[in-house]
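By letter and in written order, the chains are A, B, C and D; residue numbering begins at 1 in each of them.
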Amino acid sequence: MRMSDLIARPVVDSAGEVVGQVADVRLVQDGPMLRQVQHAFRVAGLIVVTRHTGRLFGYERGPAVKGPWLVRKVLRALHRNTRYVTWEQVGGIDGQDIVLRVTKDRLPAVSWLYREGGP
Amino acid sequence: MKKFLGITLGILTAIGGFVDIGDLVANALVGSRFGMSLAWVVLLGVLGICVFAEMSGRIAAVSRRAVFDLVRERLGPRAGLVNLGASFLILALTVAAEIGGAALALELATGVDYLVWVPAVAFAAWLVMWRVKFETLERVFGLAGLALVIFIVALWQLGPDWGQLWEQATRPAPPRDEGLPTYFYYAIALLGGAMTPYEVFFFSSGGVEEKWTRRDLSVARANVLVGFPLGGLLSLAIAACAATVFLPAHVQVDSLGQMVLPVALGAGQVGLALVILGVFAATFGATLEVALSSGYSLSQYFGWQWGKFVRPREAARFHATILVVVIVATALVLTTIDPIMVTEYSLVFAAAALPLTYLPVLLIANDRDYMQDKVNGRFSNTLGTAFMILLIVVSIAAIPLMLATKAGQ
Amino acid sequence: MRRRWAAGLAVALVAGCSSPAWNDRDYELKAAESAEAVGSAVEAVRLAVGGDGRLTRPYLKVLLTGAAEQVQGVNDQFGGVQPPSERARRLGERLLEVTERAEKAVAGLLTEVRRDRVADPAGAVRELAGLGRTLRRFQEEHG
Amino acid sequence: MTAARVVHAQLHLLDRQVVRARDGRLVCKVDDLELALDDDGRPYVTAILMGPLALGPRVGGVLGRLMAGAARLLGATAPPRIPMEHVSRIAGAVHVGGDLEPPALEHWVRTHLVEPIPGARHENE
């Protein structure tokens, strides 16, 4: 499997409703050891956008990124419905779609990742 | 002296970018038709290229990444490839025009038909790129291009009506016998000429070639603040010369020979010799700048080893690209296609592609992954955003205006 | 994207070339444009010949060659346009009479420069200035 | 122990320049990433993939197929890979250790086109 197999793939929830498509994949370095040198990057979750609005440019990542005010506002408006899906919520891949174990309304907004006490 | 030589990259970039063959003639043509009433566009272009060249120089110094690296990184492989295709086509056309321009300068000096000079110029340019160290190349051609300062001397000796030039410059509207669409068409051509993307491709890649580090940030900034305003000043002097000599006589400049006439009339045979030298250095320098940029952009998109800081065999694909581009461009000039017309068109096409190049620069200049503590301040971001909006408007208007005005006729 | 550009380029190039005149007014505009182009070349030659002492011979030769080619090109192109009416034909003849004189004058100067230098700069400047004025007037009347 | 590092595939890895840690030479772009499943069935990144066979499918369309097709014509069957354990740093570029074969195209151009020209092996003057 390749990373590009995940990115841009449509996502549907447990009720069969369309959530959007994968815009980015969050990786955490706590996977299996690679040749006893370092931990592998494990897929921790997916950032899902409601419609195809191009690349995220990194501006959706919350307060950590500073940028031109106007660009930030525009991108934030475009991505206000962007959701975060943890890998545990992913049921499997069914043909074209990634199918979730939960319903759409249980998914947090991506900005939740950057709140105090987030994961 | 060492400090002075440190800014030759900026001078070469600006001379090759602002006063290459297309801009030389475009500035003279605009001066002869519109007087100084488009001077504001040149000033705007200088400001714009300064803002974005400063960002790309800073990115090169802090992260050692050049502009086309960032284009793919931020636009993704597909939009990046579109930009690459467009840029590469424009670069190849421009190399052809610059080779033609340098050959035309030799024709003016010797009276021998320019087509005879084309293969020699192309071979010399390739040899310089193959064998000469980046810093030598930048010093020799940047400094020789300074001979164009003769335009300022000539303007002074022509003794123009300064009050009238000033009045034209402060009243930004077309003269009575020119239409508004034509006026804006040339405004876009001048802005596209001032902010051509290859200037930042070359400037940032040159910074990497010179192994800039964080300690060189002030050198990078000095390069920008000296080089581009100097290029702008020369552009204005060319337009003012044309406005003084040609506007009253209703001559519409359309060749390199006519373009240097005001200098000959103002400063005599010595002036003529200097201006031809300057034009040759500027167009030959631009040939190098643009041909190298074609290698830089292709290599940086695909991640190949590039640059003159390694031996040619270690950057084989980069050098092969340059060789092929030079051969194709030479063949194109030898078809006797008018080199000046080629750049006039490519300037407008380049204007249409501007946002695709400058948006990634603006975004990366704000990214702490790359920039650590050297991200944009509020000043750069405000100006950068304002220019992004302007460039988007320009890119939408460029091609319709070209068709509507039959390319400014 | 690239295809769109290529198409744009093709359209722009074709638009720049000659096309038949549809009616009298169209023909008249073409005549005015031609007068403007020839006038521009003539005036440039006048400026160059007027500053003769300050120019080198190779440079003057290149400049005159360019101007001669331009004038000849315009004459050939305009001469090739079919006038749509008798009135237009007379207008075209009036213009061609002037532009052909201009062509001859520039070609003559070029021959002189090829051989040595302009024999009578003051006289040439007077002649070119007269041609330039006539063409300018023509352009203003019909443009 | 500090918390495990978090990166985003698209934002921090894909399309970034790969450089050789030893001397800063440019290697390739991160054209794609190879994934495998761990014991719990969760995917993790095993290698960086490079070259037209990795980039082509991401570009898609006629151009992407053309890119991959050209590479197959030259005898490539799978994209060259750099195992993730060789990655020493992820920043503005991805730094990798280990010895790497020059890509096939670079090798071909070097031996057939560039090296026959005099001066190819010398430093610039």
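Everything below uses one rule, namely that a contact is a pair of C-beta atoms (placed from the backbone, for glycine too) under 8 Å apart; a residue touches a chain by one contact, two chains touch by 3 or more.
According to UniProt, the chain labels map to these proteins: A = PRC-barrel domain containing protein.
Here the structure is a predicted model, which means the values were calculated and not measured.
Asker: Pick the pair with more C-beta contacts: A-B or B-C?
Answerer: Looking at contacts between chains, B-C has the larger number.
Asker: Which chain wins if you rank chains by how close their C-alpha centre is to the centre of all protein C-alpha atoms?
Answerer: Measuring from the global C-alpha mean, the nearest chain centre belongs to B.
Asker: Would you mind pulling out the distance in Å between where the CA atoms of chain A average out and where those of chain B do?
Answerer: The mean C-alpha positions of chain A and chain B differ by 42 Å.
Asker: Quick one: chain A and chain C, Cα centre-to-centre, how many Å?
Answerer: Centres of chain A and chain C (C-alpha means) sit 66 Å apart.
Asker: Distance-wise, how many Å sit between the C-alpha centres of chain B and chain C, to the nearest whole number?
Answerer: 31
Asker: List the centre-to-centre spacing of chain A and chain D in whole Å, with centres computed as mean CA coordinates.
Answerer: Centre separation, chain A to chain D: 24 Å.
Asker: Give me the residue numbers in chain A that touch at least two other chains, ranges are fine.
Answerer: 55, 58
Asker: Would you give the residues of chain D that are in contact with at least 2 other chains, written as numbers and ranges?
Answerer: 58
Asker: So which chains actually touch one another? I want all the pairs, not just one.
Answerer: A-B, A-D, B-C, B-D
Asker: Can you list the residues on chain A that touch chain B in the complex?
Answerer: Result: residues 55, 57-58, 64-71 of chain A touch chain B.
Asker: For a test of understanding, state which residues of chain B touch chain C in their complex under the given definition.
Answerer: On the chain B side, the touching residues are 82, 85-86, 89, 107-111, 245-246, 249-252, 254-255, 257-258, 260-261, 264-265, 268-269, 272-273, 276, 345, 349, 352, 399, 402-403, 406-407, 409.
Asker: Which of the residues in chain C come into contact with chain B in the complex?
Answerer: Per the stated touch rule, the residues are 1-2, 5, 8-9, 11-12, 15-16, 36-37, 39-41, 43-44, 46-48, 51, 54-59, 61-63, 66, 70, 132, 136.
Asker: Going by the contact rule at the top, pick out the chain A residues touching chain D in the complex.
Answerer: Its residues touching chain D are 1-7, 23-32, 34-35, 37-44, 47, 55-56, 58, 61, 87.
Asker: Note which residues of chain B are touching chain A in the complex, please.
Answerer: 74-76, 362-363, 366-368, 375-376, 381-382, 384-385, 388
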